[in-house]
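Right after this note come the structures.
Two complexes are shown next, each including subunit A; its partner changes from subunit B in the first to subunit C in the second.
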Partner chain A sequence: MSPRARGVLAAISGLALLLVVLAGFAKLPDFGVYLGPYGTLVDELAPIQRKIPNAITAVNFDYRGLDTMGEEFILFAAVAGLTLVLRKDRRDTTDAPLPSAGLRGRADRSDAIRAFGLAGIAVTIAFGVYVAIHPHLTPGGGFQGGTITSGFAALIFLALGYRPLKRYAPHQRTEPIEAIGAAGYVLVGVATLAAAGAFLANCLPLGASGEFFSTGTIPVINLCVAVEVVAGFVVVFGEFADETRFEVDDEAEVEP
Partner chain B sequence: MAVVQGVALVLVAVVATVAVLVRDPKRQIFLYMIYGLVMTIVLVVLQAPDVALSELAVGSVAIPFAVLATLVRMEHGKGK
Partner chain C sequence: MSWLPYIVPAWIFVIGLYGMATSRHLVHLILCLSVTQSATYVLILMIGYRTGATAPVFSDVLSTVRATDPVVQAVTLTDIVVGATVTALLLAFALRIYKTYGTVDPQDLRTMQG
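Coming up: the complex of A and B.
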């Protein structure tokens, strides 16, 4: 296709898109105006039905718990797919860490980076776990907290290097943990199906609103999600860290 | 509150535009991290703290890590 024809095609499609977008914007509700009844109902009912202050979590892990299970397996499939693609053209796919690419020597990582990186690991894990285990009481939950917590792997890589990352979070360990988290969600569903007759029915005692041990199955499911997300992201970081090491002659190896 | 929301939204538009206009991926990824941070502020201002936490973690840790590792691989790896 000639550049001229492309330009004409782009102009026509751009104009058509603009018209659709403008028509869509014209019918939008005003900024900040909520029309649907569902959110308002959940806001009113969740604290009564489930003794939960955070209605968003009630939707995610209870009323629409099945949707969240699907989302969890989207992440699981994405991690598996990424691992498949990245490992496909690597020589060594299993046990030993890949050889160093010799990109940076020992001296290139300053004391400041190591000190702040190590301090950051502690802060990241503390904050991430806090966010991850309080989904029913405060904003956040297994996904958000899990993603934040997994930042510790990125920090280990930045502050200490590749080999410590592979030592503390080898994929032989993180992959089974991720699978356990994913499977846990389904097992909770099956258990509630057996106990209460409905998949993911909230059949545990609800407890008192605002207590840590309350809202029935919600914290249990959330814990499965947290485990799955932390391990999943650590697997991803490990795979990308492997990519930075790819394929050098053995004599060029440099310790990080 | 409307003023704060307006400022935050304008900031997102500015940072997003700059991130697109800068063509060097190494600089772009840092602008993307700033974009993630500004987007987090917008979500907090709009009272969506759950989404804000997701954006914070994914936008300022996960994606930059993946992109930076990919850039290292492209510059130094086998496929150079």
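Coming up: the complex of A and C.
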């Protein structure tokens, strides 16, 4: 298809889409006017029913916990698919990193990047874990905190290089951890199904509002999500880092 | 003029679509897809907003204070993280296409597949 034909096709379908979008936008409520009763109800009930100040987390990990499990498995499937696609034509996958990675010299990394990267690793982990373990009391949670925490792997790659990344965040470790996080969510669901008769029913003691150990199953599920998100993103970083290796013949590699 | 803010998600959506339609590089195309997707976040967060409301986290404010819809925010925050991994998957596809066909231009790609 020529670029011109593609342009015409895009213009026609764009016009058709415009009509649908305009029709949809015409029925939207005015900005600042909230119609649905559901959000108002959750805002009113979550702090009382679940002793949780953060209504968003109450939706994510309690009221709509099943939906979040689905989201979590989309993440899991995406990471699994990524490893599948990237590893297909790679010579070795789970063994020690290829010596050819050493060809990427350290000389092209300035001291400033190394120093700030190393300092950033500690800050990233501390802040990420802080955000991740306070889903109920602050606007934090496993998804946000897990993503921040996983930045440490990217910083290791940036500041130290490929080999340290493989040493401190190897595939063999992070992949099972990701699976444990995903399985943990399901296991919490099954356990609550057995204990309370409903999947992901919040049947643990709720505790007092504002306490760290409170709101029942929510921190438990949140921990599973945090573990999975951190491990998932570390796998993603590791897989893309593997792509930076130069392919070198085995014979050439043994020479010092 | 209460509909005026809705121009923002519409604009993000359209500019992302335009980028995808005219893209000459797969990485550019994937990023345009992310832009298009983020239009939905802006739109549903707008729908959950009500004038003068605070965030639905009642740590510092009383739970009787007017707050926004927590449902759309919960959906958005999970989807941003999940969307990042899906983008990573798409980038992996782009890498694989480059290795197989030797090009990252979607317009060349079509002719190569015949």
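Keep this in mind: the second predicted complex is superposed on the first by the 229 of 256 C-alpha atoms of A that agree within 3 Å, B and C clash if a C-alpha of one lies under 4 Å from a C-alpha of the other, contacts with A are read in each partner's own complex, and residues count from 1 in each chain.
In this section, a contact is a pair of C-beta atoms (placed from the backbone, for glycine too) under 8 Å apart; a residue touches a chain by one contact, two chains touch by 3 or more.
It should be emphasised that the depicted structure is a prediction, and the values quoted were computed from it without experimental measurement.
Engineer: With both complexes overlaid on chain A, does A:64 touch subunit B (first), subunit C (second), both or neither?
Structural biologist: second
Engineer: Have a look at where A:206 lands relative to subunit B and subunit C in the superposition and call it first, second, both or neither.
Structural biologist: Neither: A:206 stays clear of subunit B and subunit C.
Engineer: Going by the contact rule stated at the top, is it subunit B or subunit C that touches a larger number of residues on subunit A?
Structural biologist: Looking at subunit B versus subunit C, the one contacting more residues of subunit A is C.
Engineer: Looking at A:244 after the superposition, I want to know if it touches subunit B, subunit C, both of them or none. Which is it: first, second, both, neither?
Structural biologist: After superposition on chain A, A:244 lies in contact with subunit B alone.
Engineer: Return first, second, both or neither, reflecting whether A:147 touches subunit B, subunit C, both chains, or no partner chain.
Structural biologist: both
Engineer: Identify the partner contact of A:233: answer first if only subunit B is touched, second if only subunit C is, both if each is, neither if none is.
Structural biologist: both
Engineer: Which partner does A:139 contact after superposing on A: first (subunit B), second (subunit C), both, neither?
Structural biologist: Both subunit B and subunit C are touched by A:139.
Engineer: Tell me the contact category for A:47 with respect to subunit B and subunit C: first, second, both or neither.
Structural biologist: second
Engineer: Please work out whether A:79 is in contact with subunit B alone, subunit C alone, both, or neither, and reply first, second, both or neither.
Structural biologist: second
Engineer: Could you tell me if A:25 is touching subunit B, subunit C, both of them or neither one (first, second, both, neither)?
Structural biologist: In the superposition, A:25 touches subunit C alone.
Engineer: Based on the A-chain superposition described above, do subunit B and subunit C contact any of the same residues on subunit A, and if so which?
Structural biologist: 56-57, 139, 141, 143-144, 147, 233, 236, 240, 243
Engineer: In their complex, what parts of subunit A are in touch with subunit C?
Structural biologist: Residues of subunit A touching subunit C: 1, 3, 6-7, 10, 14, 17, 21, 25, 28-34, 36, 38-40, 42-44, 46-48, 53-60, 64, 68, 71-72, 74-75, 78-79, 81-82, 85-86, 88-89, 137-139, 141, 143-144, 146-147, 210, 229, 232-233, 236, 239-240, 243.
Engineer: Which part of subunit C faces subunit A closely enough to touch in the complex?
Structural biologist: Touch list, subunit C to subunit A: 2-6, 10, 13, 17, 21-22, 46-51, 53, 55-59, 63, 67-74, 77-82, 84-86, 88-89, 91-93, 95-96, 99, 107, 110.
Engineer: Mind listing the subunit B positions that touch subunit A in their complex?
Structural biologist: Answer in residue numbers: 49-50, 52-54, 56-58, 61-62, 65-66, 69-70, 72-73, 76-78.
Engineer: Residue numbers of subunit A touching subunit B in their complex, please.
Structural biologist: Subunit A residues touching subunit B: 56-57, 101, 103, 131, 139-141, 143-145, 147-148, 150-151, 154, 233, 236-237, 240-241, 243-244, 246-247.
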